[in-house]
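In the two assemblies presented below, chain A is common to both, partnered first by chain B and then by chain C.
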Partner chain A sequence: MGFISRGFRGRPRDEGVKLPPGQYLVHDFPVLSAGPTPRVPLDRWEFAIDTEDGKTHRWSWQELMALPSETPTVDLHCVTKWSKLGTAWKGVSLDTLFADVESSAEYALVYSYGGYTTNLPVEDLLDGKAWITYEFDGEELAPAHGGPARLLVPHLYLWKSAKWVQGIRLLNEDWPGFWETAGYHNYGDPWREQRYQGD
Partner chain B sequence: MTEPEQDSYQDGNALAGPLREIFAVDVTAALGQCVHCGLSGPIASLRVYGPGPGMVARCPGCEEVVLRLVRGPDSAWLDMRGTVNLRIPLPG
Partner chain C sequence: MRRLAWHVAKLAEIRDETPTARTLVLDIPGWPGHLAGQHVDVRLTAEDGYSTQRSYSIASAADGERVDLTVQRVADGEVSPYLTEELRPGDELEIRGPVGGWFVWRPDGTRPVLLVGGGSGIVPLMAMIRAREQAGSRTPFRLLYSLREPGERYYAEELRKPISGLDVTYLYTRVVPDGWARPAGRVTVADVNTGGWPAEFRPECFVCGPTGFVETVSDILLAMGHDATAIKTERFGPTGG
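Right, the complex of A and B next:
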């Protein structure tokens, strides 16, 4: 047989892919949950950025949809050691949402419907590194994966990409979030394997 | 993507093994009181989400977090800020 399409040989991306230390590759999309899945009707959904001066910038679902969108394709690395490569998302860059936000705060506390929180430096949200996403793989983002909208910060472990995102609070002091106060690393860089406090 | 019909959690007996590593008594038999709503009940009656990234035990009354347990390679972190107290049965 002289002709074999490379497309039928399975998963060529698996060959020689470089993963962060300690990670293994998955092809499904595992769901990890720390509580009940919030169900947020779109007509009541709202996203906010709260500045350190007490000013709040708000977007309704329609206002978010009206903003220019991007379609990042990124690799995901979960602290529980699975990695999923080449995931396709659609959402709004945080650079767009921060365009009219006046702030000199260095720290952000992301908060979600359902009560989840996670913290990260503001600079990790900007310069094309983070999005508020509402589509995965060409379909609306399912509640189990954080829909209607989740933060996507793919250069950090996936617990930083808060599901069911509701807002970002800008702070002058670092305020550790849900997993960061329960033993997980404050920053969470997968390439430096910053899983737990002290790593 | 298919949606699970109901959120997946176990009852508090799932905490028995991980907590036995830390405590000398079986804590799942202890009575705990929720900080958020005041409900009292055995730790075994909590709703436990996880195990990864950590076990999150929530009150069956108000769904707030009562207890969290993260097990790292050489440490465990136990957060009980959602618990008013634990009443632990002991031999008289």
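Right, the complex of A and C next:
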């Protein structure tokens, strides 16, 4: 018999909903970020993919808008324990952005306006698993939630879905990002509860 | 890499801060210590095996195996009503931490410090004030504490006593005490200008509270010329239960 919290019953369980271990359901959209919200004017906004050979592919806001978009509906899992199900986004698949990128790098370091970084394997960005999003719930993405554009990688904890995304650097070696160097897990799979280093 | 272990903490004492918030004084055998500003994960498990977790900021400076958490009861919450109403001294809790290496103040810091707290956002800031006291640090601190009314103050007695090198300013948003010069209202540029530090002093700024509050204060600090990298934020959503 494991640990029991005396007198704790918890909320009535919704048997239809399966959440990753340790998570609870929310219906609003909490905001978490480590510093001030950067404001990026669209006429100066740019997204880049930098390859391991020093080549850079760039997109202006207009160029991003001209690309075919997708409307993924996904579940979000934040390492601070909340999960939000069935969120509706609009954005461009990373498969589309990577179509003309020649690279054999295995690692990606995502960087943001404001200086935030996060790392993940390149394969987690491809095959329909990640998007550069600019609309949430039919509205343009609010700055507090990462607007004008944020990375969306919903199969990993939400800190990997970098807000205010500015670019992706492709690397031959793994380069831990902001939270990854501050004690959080390097990969961050919510279903394996990879919250902190060593989990 | 060593995994952050779950510890079984025992509730030693309860201190009521307000009618809806209480400090849980915990003894945690094997606690590795913490930095001011860090938080812990609390795990509750029901008899049928159902388990859920929440994060809470640590209110105390490192003190052996003793750790204070201050928990605000959220009306329709799942965990905070249990922690603030059901839990009794002698009860046990599962705790993991400390967590978070960014929103922290270290006692060897020499830059002036500005703490801006909204509501229960005071908790990790209080840990910084206590860590400063404990270390005998003379780093100048200024605290701006925004809250609805005087009755919602946490740590009221402790902050009432003068602490050398710490200036405390209360910003009431709804109800002010009799004869209070500042009318009730949300934090403004004038408040941060008067109660904070000039940007030239290059203070470390810690801002903690609800999202709207943190957004407002960090925008004000940026407009005053503070460096974005010197502004560390921690946000409490309306949820968290």
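Following the convention adopted for this analysis, the second predicted complex is superposed on the first by the 184 of 199 C-alpha atoms of A that agree within 3 Å, B and C clash if a C-alpha of one lies under 4 Å from a C-alpha of the other, contacts with A are read in each partner's own complex, and residues count from 1 in each chain.
The working rule: contacts are C-beta pairs under 8 Å (C-beta built on N, C-alpha and C of every residue); 3 or more make two chains touch, one makes a residue touch a chain.
Just so it is clear, the model here is predicted, and its values are computed rather than measured.
The partner that reaches more residues of chain A, of the two candidates chain B and chain C, is C.
When the two complexes are overlaid on their common chain A, residue A:P38 makes contact with chain C while staying clear of chain B. When both complexes are overlaid on chain A, the residue A:V17 reaches neither chain B nor chain C. When both complexes are overlaid on chain A, the residue A:D28 reaches chain C alone and has no touch with chain B. In the superposition on chain A, A:W159 makes contact with chain B only, while chain C stays out of contact range.
Of the two partner chains, chain B is the only one touched by A:H145; chain C is not.
Contacts of A:A99 after superposition: neither chain B nor chain C is touched. By the touch criterion defined above, A:A66 lies against neither chain B nor chain C after alignment on the C-alpha atoms of chain A.
Put simply, chain A uses residues 31-37, 80, 115, 144, 179, 182-183, 195-197 to touch chain B in one complex and chain C in the other.
The touching residues of chain A, counted against chain B in their complex, run 29, 31-37, 78-80, 115, 136-137, 139, 142-145, 159, 179, 181-184, 195-197.
Partner chain C is touched in their complex by these residues of chain A: 2-11, 13, 21-24, 26, 28, 30-38, 80-82, 114-115, 144, 178-179, 182-183, 195-199.
Put simply, chain C touches chain A in their complex at residues 1-4, 8, 41, 43-47, 49-55, 78, 82, 86-87, 91-94, 99-103, 211, 215, 218-219, 221-222, 228-229, 231-233, 235, 237-241.
Taken in their complex, chain B has these residues touching chain A: 1, 3-4, 7-8, 49-50, 52-54, 56, 58, 63-65, 68, 70, 72-73, 75-77, 79.
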